[in-house]
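By written order: A, B, C and D. Residues from 1 in each chain.
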Amino acid sequence: MDDFYRDFILDHYRNPRNFGRLDQPTVSAEDLNPLCGDEIRMDLHVNGAGIVDDVRFSGKGCAISQASASMLTEELKGMRLEDVAKLTKEVVLENVGIGISPTRMKCATLGLRVAKSAAIGEIAGWPDEE
Amino acid sequence: MIAVGDAKLASIVADFPILSHPTSRGKRLVYLDSAATSQKPQSVIDALVEYYSDYNANIHRGVYEIAARATDAFEAARAKVARFINAADTREIIWTRNATEAINLVGYSWGLQNVKSGDVILTSELEHHSNLVPWQLLAEKTGATLRFIPVDHRGMLVLEDVDTLLRGVKLLAISHVSNTLGTITPLEKIVPRARAIGATVLVDGAQAVPHLAVDVRALDVDFYAFSGHKMLGPTGIGVLYGKRALLESMPPFLAGGDMIRKVEFERTSFNDLPWKFEAGTSNIADAIGLGAAIDYLDRVGMDWVRGHERELVAYALERLAPLEARGLAIYGPKDPALISGVLSFNFADIHAHDLASILDTDGICVRAGHHCTMPLMEKMGWPATARASFYLYNTAADVDVLVAGLEKAAAVFKL
Amino acid sequence: MIAVGDAKLASIVADFPILSHPTSRGKRLVYLDSAATSQKPQSVIDALVEYYSDYNANIHRGVYEIAARATDAFEAARAKVARFINAADTREIIWTRNATEAINLVGYSWGLQNVKSGDVILTSELEHHSNLVPWQLLAEKTGATLRFIPVDHRGMLVLEDVDTLLRGVKLLAISHVSNTLGTITPLEKIVPRARAIGATVLVDGAQAVPHLAVDVRALDVDFYAFSGHKMLGPTGIGVLYGKRALLESMPPFLAGGDMIRKVEFERTSFNDLPWKFEAGTSNIADAIGLGAAIDYLDRVGMDWVRGHERELVAYALERLAPLEARGLAIYGPKDPALISGVLSFNFADIHAHDLASILDTDGICVRAGHHCTMPLMEKMGWPATARASFYLYNTAADVDVLVAGLEKAAAVFKL
Amino acid sequence: MDDFYRDFILDHYRNPRNFGRLDQPTVSAEDLNPLCGDEIRMDLHVNGAGIVDDVRFSGKGCAISQASASMLTEELKGMRLEDVAKLTKEVVLENVGIGISPTRMKCATLGLRVAKSAAIGEIAGWPDEE
């Protein structure tokens, strides 16, 4: 696990890309990893062609969740919203590379889960409040 | 400092089989998470094996030999608990799954019977969720309100205005020792004041009974809750102590076998204490296991346990001090006299989870997160902390490994 | 009859260490009280020892190695339970202490939310107190009324008028197998009718899951409750199965650590299933132990278990028949196809307790009393019965010893 | 335990002495052994001098509880009520003799507990209903 914290991970952790909020997001979602308390919010802006043309994330948490989310935002820009909804955790694993332990997988995939749920919510419509 | 050759400590360590099993990376296990759950000595494991291999039977209604033996062992364990916390009567000891269930039992049984709209429940800002959420639910159901004893920046309860805080209080529900900071609540400053105004007092002793000598009669509390698994006992067994008259006056909580006296189709009368509160087949084996844990703690002596943890905390504070210049922040009062064997900290900008992961590679087990005290974390502005917690089987060498692990984390994070 | 040389049976018997330990009078233990609690195979005991000796740690929030291993083993055990009863989803499996707590959980959470004054709760005359008293309490709290499916003189439910009985029913709470008589409820005749009128269905499977292959989806029940200790597992662990949508819609029961999502001073949001219903530190070791018990039952095969018990009951009925002329009264339908491995009886004017005491001197463990079914006993006019209950480790030789014990009792009582 | 069931025990079980109810008891009590379901009721009649001059027991249960209660009634007759209140379980053990196992002790002493509670209740006054 200690070999996981390579320079680029620490760099994304300490200098997260696309950090903050969008003024006029098309869709936002946030989630919390109840087991460790990490929180992430994702704001997506989608253009008329269904392409994510801007994205921000915010939140707090460990290097794994923050770096993974930061790297993910770089991928999201330019993607079709439909494809965001279909992302699998492979995209995260490719980003962060080796060494993630099973206990920390939930940290690594938190940003992804939030982005996907934003995309799915936007496409399918959020469920009505009961 | 702990004398390297302390024979008593060495023999204690040898009693815990897990401590001699290296991790998958071949490291010695340095277990610093006893506040989450303690390790178990061989004698406790043996008590379980003996029950299941020699006299496993259901209790109370069996006339045959092994049923009688099981009943005796089960009730003997209850008597050990009563003596260990100096209860006046064995009937005041109710078996539960854990401290959480014990607290909820009071909430459902005593709470719904006695707490009314407008009543105040006083608790503190450093409670474990298990001694907070049940009262939120009770307040919601009854229309009572919650009030909080504040904590200061060191994590000590602010008790100057305790009489003001106590005004109109029906129930004081407070922890004896904080699981996040280890701070020991000066119950002697609060409980008598609460009693003076007629409040009922429940103490969450989940972090106290394992580490300090507890005397429920000297403390003069109405209810006292704790868990076996944090005091060398098995998982799945906990205790609610309650004053007998109070328990007698309360309606039952769970209903079913063993807690009844007579059942007809339309109505039921309930059994005597303590069984009135023990529905269904009890956790027989683990109650007996907890009895064995108490025997073990008795042999070691709770004064020794407390003294040993104080020494470890003092040694750890001394060894950790140099790292403070590099960004290590230790929370809580940093005074071994005021805390039990718990240290919460953060290290520069290394998130507690990352710290715990890095320490894990060297066999060091610390907890990272909110420790089920989210409101405290929020108030203190800590997103998470790493927590090292000690128990009777920890050694100065464990502290040394922890310090080395933190040095390594600093290197990994290029601090 | 059971073939004397049955190698499979012999190897099963050898797996249970208690069965090779003679009683204090030097007798072979003839354990005929599995309906009260079952014996445990070595593999279950070993699973507990392994957890406590190798990877004892608290679960869900630990990042270190043994915490991860404990979490995996704990959740793997849940998955084994889900598969064993064919639940659609692991999240539908809630750990409780025992069947009793599982039933009470439904009473407090679903019951207080859904049952209103004037509603009818339908249960039966042969329920265990654990599936009766919780509904009496719920009825008392809500103003609902209880209604009972009658039993006939053989102890079979009278189902001719089931649609009349079901009129206006909000909840059907019924046992799958009677612990006193072993009678198997023909759920297929009742549950679809109950569903058709929109009733919620809870089945008490404490005596079914250990002895029959149970498929909760085929049964199409909403809730299904059972205990680990009756199915080769440790004491202190039980299961509530609930359909996911139903569990999602229910308020939490116990509150505390692990069942929360986010806690603030004044409010709390709750965790996802199944943890929403699991407050405080779970009974980790015993959940893992129950997983090992299920592995064992899977290896033997539930069809073999059922078949073996049928053979034993048939053999016992055959061997006991001659004693009927001397006053032995066997209750229930006396048809191995209709009952699980349970026989209740009385012998002339020998009270069941005296009978059990006399049998005990020969190492025979039978239960005597009301078996937590007082209303049934009252209705049938039995002050008490003696009950012999079989499980996979019992043999024809056990039946022979029982018969000899009864002969001796007849001599002692000069029948 | 099997040597416990001697002839005189079986005789008291099958032919209980002083079985039934009194028409005009001075005091009655009943109790149930919740663990086995045995029930015993005792009716005592006390004369002006404080002496138990008549007694009946009723109930159902095992040979141990019924025989013990039957034998006890023979002792009670002629005793001062005050002394009934002070009886200890030795009286039962002397009556039934050897061989009672600890698990069955509650059965053996059920009648005694009922008689004592009747006597204590009569002397001290029953607690008020709350």
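The rule is simple: a residue touches a chain if its C-beta (ideal position, glycine included) is under 8 Å from a C-beta of that chain, and two chains touch if they have at least 3 such contacts.
In this text the structure is predicted, and so the values were computed from the model without any measurement.
Asks: Can you name the chains that touch subunit B as well as subunit C?
Replies: Chains in contact with subunit B as well as subunit C: A, D.
Asks: If you tally contacting C-beta pairs, which comes out ahead, A-B or A-C? Let me know.
Replies: A-B
Asks: Quick one: subunit B and subunit D, Cα centre-to-centre, how many Å?
Replies: 46
Asks: Would you kindly tell me how far, in whole Å, the mean C-alpha position of subunit D lies from that of subunit C?
Replies: 37
Asks: Would you please write down the residue numbers of subunit C that are in contact with two or more other chains?
Replies: 61-64, 67, 260, 262, 353, 357, 360, 368-369, 374 - these are the residues of subunit C that touch more than one other chain.
Asks: Can you list every residue of subunit A that touches 2 or more other chains, as numbers and ranges?
Replies: 35-36, 101, 103-104
Asks: Taking the touch rule as given, give the residues of subunit A at its contact with subunit C in the complex, in rising order.
Replies: 32, 34-36, 101-104
Asks: Could you pull out which subunit C residues touch subunit B in their complex?
Replies: Touching subunit B: residues 17-18, 21, 23-24, 29, 33, 36-37, 39-40, 44-45, 48-49, 52-58, 61-67, 97-101, 103-104, 107-108, 125, 128-134, 136-137, 146, 148, 227, 229, 234-238, 252, 254-260, 262-268, 279-286, 353, 356-357, 359-360, 363-369, 372, 374-375, 378 of subunit C.
Asks: Spell out the part of subunit B that touches subunit D in their complex, as residue ranges.
Replies: 60-64, 67-68, 71-72, 260-262, 271-272
Asks: Quick check: in the complex, which residue numbers of subunit C touch subunit D?
Replies: Going through subunit C, the ones touching subunit D are 349-354, 357-358, 360-361, 368-370, 374, 377, 383-384, 408, 412-414.
Asks: Within their complex, state which residues of subunit A touch subunit B.
Replies: Interface residues on subunit A, with respect to subunit B: 1-2, 4-5, 10, 14, 35-38, 60-64, 101, 103-104, 107.
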